[in-house]
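One chain, chain A, appears in both complexes that follow, with chain B as partner in the first and chain C in the second.
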Partner chain A sequence: MSTRSLRDRMLDPSDRALALLLLSPAIVLILAIVAWPVAKLLANSVMDVRLSQGVPVRFVGLENYAAALADGMFWRAVRNTMIIVVVTVPGALVVGLALALLANMPFRSRGPIRLALLLPWAMPLAFVGLIFAWFFHSEYGIVNDVIRRLGYTPQIWFNSPALTLAAICIATIWKTSSFMALILLAGLQTIPNSLYEAAEVDGASKWTQFREITLPLLVPSMLVALIFRTLTAIQSFDIPFSMPGPGEETQTLAMYIQQQAVDYLDLGYGSAVAVFMFLLSMATTWVYLRYIRGDER
Partner chain B sequence: MTAPQSSQALRWFAAAIVLANGFFPALWILATSFKNEVELTAKPITWWPENPVLTNYIAAFKDQPLPVYLMNSAIVALLSMALSLFVATLAAYAIARLRLKHRQLILTTIIAVSMFPLVTLMVPLFEIMRGLDLLNSYWALVFPYTVLNLPVCTLVLVSFFQEIPRDLENAAMIDGCTRLGALWRVVVPLAAPGVFTAGTLAFVNAWDEFLLSLSMNSAVAYRTLPVGIQMYQGEYAFPWPTISAALVIGLVPVVIVILLFQERVVSGLTAGGLKG
Partner chain C sequence: MRSRLVAALLALLCAWPSLAQDRANLRVFVGGQQRPDIMRELFREYEAANPGVKVKLEVGGASSDLHQKYLNMVLTARDTSIDAFLIDIIRPAQFAAAGWAEPLNAYLGNDLETALGGYLPAYRAANTINGKVIALPALADSLFLYYRKDLLEKYGEEPPKTWPELARIAKKIQAGERNPDLQGLSFQGKAVEGAVCTFLLPYWSQGGEIIRDGRFAFDRAKAEAGLDMWLGMVRDGVAKRNAAEVSTDDTRKEFQAGKVIFGVVWGYGWNHFQKGADTKVSGNVGVTTLPAMPGGEPVSCMGGWNWAVSAFSKQKEEAVKLIRWLSTPYVSKQLAIRGSFHPAFTSVYEDPEVLKAVPWFQDALPVVATARARPITPVYKQVSDALRINTNVVMAGVKTPAQALDEIEQRIARAVRR
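Let's turn to the complex of A and B:
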């Protein structure tokens, strides 16, 4: 077979058709599971769709949105979600950075360290919620045991919304900081050792080296990890669901959406609240992307 | 900061903190799962059960259909993993190798899908699955999980496909392979590490998912493990030792997967900077 006919086959005009063919399953799935539902979400959010009431579906304009803005439970859910975002995103970054620096030491075998960082990442969030609910158990939990040993008064954690949120944040930080650490560890390992050696020669202290070399060079890995961490924190569901406080006091936005749509079958209202969450996610991504671009300039 | 002078003691200290942080919750649940009623309620707490019992494990199987939950989770996770690997392999090959208009647009779309809040998709998906009478079926989870994992799998596979020299493919095509033949016989086997990486990430994501599973499959027969494990709590009682035993059993597959594929997973997570 001559080279010419091979090149013909390589640059076959049917290449483009083949590419489309290969991409089509992905396109069909994304259309069916993302694009179509999003269109339905937007349509439902301006309709009265209450499947449980047997009332006919009708157009209500922005009524669902107005109802949400006037709904105390919606705002409570927003507040709880924002608390989780504001506490656990920086919390996971700080703990993750500490874990990454510790894990970056020259150990003889890296296997156990790597496993210790992977286990929290791989553990289902719902499991983490249950495990930490047991940690914070008022009678037999290990947290109160330690508090008692230290001579302080044990707390009934899940009787107080504030303490429940604190427990939820601690569980979330534990679960997510390891992933942060893995990303930052990969970033740390790309920093050439020669930079530190040069700084050493110049007499820079360890702290100066950390501030002037390590931190600035880690910023790109941090930003990527932070975008995803913030987006998942906005969607917090599994851990707060598994660690319920008194009543529905510690409900998050995602829990409120799920309750309205699945438990009460009020799809119109649930969709409107979901659109709010979508806008919140978009705004977050936009802010980060702007920051990244501003950084490059 | 890999300072060679960092002392042995400091290294032990660092290792102790990282290991304790990573393993303590799982070990504590393991200890709880072997405790009898007396030790469970002991104050101050006993760290390790002095008289380990297996009754909690028996209860874990008796109180809830644990094997059903495990089976459902395995079916859903493996099916969606296989489907996302298949679809992602085709898409990644087109992106990495073929002449393609709007390559950047396609990649951006894929990344945008990975940033999409699942909670907002849950509401319309619930309605669609309800309309199609697919609530309480494996498909109600398999299709969404496949799409959920498509971005991760595609990005990982694209980066692996790009590493494979084109000459190997061309050689196969000189020998009479078609493009698709070359993809399955040459490219995919050479990118096997990438396939394992993508597959592991897809499996773990699907195994762990909770919200969709809770919303779509409420029937016992189709309930997956993360949802099923919440069902041990009664109206008034929270049987912690039984829950602990169930959690330990539920963690075994996760631990096996990360033990087998730890290096693959780390490279996959860090290569794409993907979500966790």
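Let's turn to the complex of A and C:
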């Protein structure tokens, strides 16, 4: 705080005007592509805007919010989204960490392994969803083929909400682990080798080294990766959309918003639900940021 | 030198009127499944007959949902670049309420009766919303019951008139053929638009309606009986266990592969079954009216596409002229002969040239005549989702019919709120 006010005092008025001038394109851009849509979203969320029905636009206060809170479909979407967050975020962290440790091992063919690591990350989400939808198809899918060969009863995956969510989580973890691994790999490489050498001299086992050196020093990278992963998990759309379960039983919050606002052109209600998702994302980020700040202190 | 310049200027002036004669540059949007190649040929024909009018084709998605998503975007933005478009038979009410289609009454004027008189009555009704003519029929369609003529003959059976009869015949043939891959019946249980018809067929057959006189009128008992009928088909092994995964084209492919005795599919199936490159059922396909519920009427689900003029077009006069030509018996006949599309005119079904090209239209007319329009409402998308999704969850065994009906009622009530 004090450093900033010091710097302010050092700028004379003409410098400040120049700074403002130079910053203005960025400010205008941010206002246009961030602030304006958010303001529009908030404004729509308290209006009745139904474009396909010729109903006049009118102010309805918090009616849309109340309707969402009373709507079973909304809560089902929240529940599905939370399941995806709770399963795939730690899931991707564990798998990603394993992949990062593997890629960090001192053997020859690290190049191809790192390349293979990048592949799922580079693939479009909808692509992954469609591929996994085929894997889990009850008649033509490879998963049921394996189950059949092992002598178990094949499942009609997309007939059951629980099995569909499981399939969605598997696809999501597969897709997002590489991003986790990438960030964690960068973190791993900043850990000085001398620490491990010293631990080796002291006779620490590999497991102790991992627990006492690798994990604690990796926490900052993990937090960064977790923020990104959690936010994208809250916004899950592509994969669940391409792997639909029975009816809308596995609809996520983002899919629900898309349905209401884009398919039904009920912009008021869709905006209100979007505001809920926005709040959820903000709250999550806030928790992480507090944790990081607490850590630094 | 100067004289040459003057001559050139004069020539330019003479050419001017012909340049200005470009009366209209129309842009028309059709979907990928409506044979853009044939549409383009027809547009060339129109251009030749109407000098100065240019018609450009824009091709959209291959499913009705994708087609509509694009139009939603263009029309909510009040884009003026598209002058006319095809809309699905389920949409005129939405286009009327949203003000996206130019009502045609004023343009038709005194011709209104003659212009609309030739259409099959259901098509005329589906395109007229509160007295406003929203679109003109282009292509007709309906669900048909396709059956394996060879198998029915082998077991001495006639095409069924009711669903229980269909189940009985299917079970008899399945038992006799001893082929575990042979399905008795294939219908759409996946949450696609086809599942709306799956829900409606037995419901309508018992006299049920979704919207009566503009108000929501739902008959739970009839809806439940309908869903129970489909569930029974799966329980008895007539339809396959994963009926909830079957989409429209799955039924078509599996019937074509000889794995199905009775298939519920739209008109496009016929060409695939008889002439498809890998068809196993060519020559063995029969087509008939869909069965009724016991004591009910045979009904089919009406499909089809209609020409509408964009409310945001800047060349409405010319666009209306074009779609009026496109919605004539002449064009309808061309579409039937070149693309096997069903006409919306009774007269075209009886045309000898048409019957020569597509002989099965003789059997198709009675089916198309029993076809009913899906609920005509501005919130069709919501109604459609409520019906298709709940049909799907019932087929998947996730919800009981009673639970699904609760949700249908809640969702439609919310959609029609004022």
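The working rule: the second predicted complex is superposed on the first by the 267 of 297 C-alpha atoms of A that agree within 3 Å, B and C clash if a C-alpha of one lies under 4 Å from a C-alpha of the other, contacts with A are read in each partner's own complex, and residues count from 1 in each chain.
The working rule: contacts are C-beta pairs under 8 Å (C-beta built on N, C-alpha and C of every residue); 3 or more make two chains touch, one makes a residue touch a chain.
These numbers come from a predicted model, not from an experiment.
Visitor: Contacts for A:L62 in the overlay, against chain B (first) and chain C (second): which applies, first, second, both or neither?
Guide: Neither: A:L62 stays clear of chain B and chain C.
Visitor: Which partner chains sit in contact with A:A283 here, chain B, chain C, both or neither? Use first/second/both/neither.
Guide: Once the two structures are laid over each other on A, A:A283 reaches no partner at all.
Visitor: Is A:N159 contacted by the first partner chain B, the second partner chain C, both or neither?
Guide: The second partner, chain C, only.
Visitor: Check whether A:A198 is in contact with chain B, with chain C, with both or with neither, and answer first, second, both or neither.
Guide: neither
Visitor: Look at A:E248 in the shared chain and tell me whether it touches chain B only, chain C only, both, or neither; answer first, second, both or neither.
Guide: A:E248: touches chain C, not chain B.
Visitor: Under the stated touch criterion, which partner chain does A:A225 make contact with: chain B (first), chain C (second), both, or neither?
Guide: first
Visitor: Just checking: does A:E139 make contact with chain B only, chain C only, both, or neither of them? Give me first, second, both or neither.
Guide: In the superposition, A:E139 contacts both chain B and chain C.
Visitor: What's your read, chain B or chain C touching more residues of chain A?
Guide: The partner with more contacted residues on chain A is B.
Visitor: Is A:V262 touching anything from chain B or chain C once the two structures are fitted on A? First, second, both or neither.
Guide: It touches chain B and chain C both.
Visitor: Of the residues on chain A, which ones does chain B touch that chain C also touches?
Guide: In chain A, positions 51, 137, 139, 262 sit in both the chain B and chain C interfaces.
Visitor: So in the complex, the part of chain A that touches chain B is made up of which residues?
Guide: For chain A paired with chain B, touching residues are 1, 6, 9-11, 15-16, 18-20, 22-23, 25-26, 29-30, 32-34, 36-38, 40-41, 44, 49, 51, 99, 101-107, 111-128, 130-132, 134-135, 137, 139-140, 142, 145, 148-149, 174, 176, 178-179, 182-183, 185-186, 188, 193, 196, 206, 209-210, 214, 221, 224-225, 227-228, 231-232, 234-235, 237-238, 241-242, 253-254, 257-258, 261-262, 267, 270-271, 274-275, 277-278, 281, 285.
Visitor: Contact residues on chain B for chain A in the complex?
Guide: Result: residues 1-4, 6, 10-11, 14-15, 17-19, 21-23, 25-26, 28-29, 32, 40-41, 43-45, 86-88, 90-91, 93-95, 98-101, 106, 109-110, 113, 115-128, 130, 143-144, 146-147, 150, 154, 170, 173-174, 179-180, 204, 207-208, 210-211, 214-215, 225-227, 229-230, 240, 243-244, 247, 250-251, 254-255, 257-259, 262-263, 265-266, 269-270, 273-276 of chain B touch chain A.
Visitor: For a test of understanding, state which residues of chain A touch chain C in their complex under the given definition.
Guide: It is residues 51-55, 67, 71-72, 137-139, 156, 158-161, 244, 246-249, 259, 262-265 of chain A that touch chain C.
Visitor: Would you tell me which residues of chain C are touching chain A in their complex?
Guide: Counting only chain C, the residues touching chain A are 69, 72, 76, 94, 97-99, 191, 241-242, 244-245, 378-379, 381-382, 385, 389-390, 392-393, 396-399, 407, 410, 414-415, 418.
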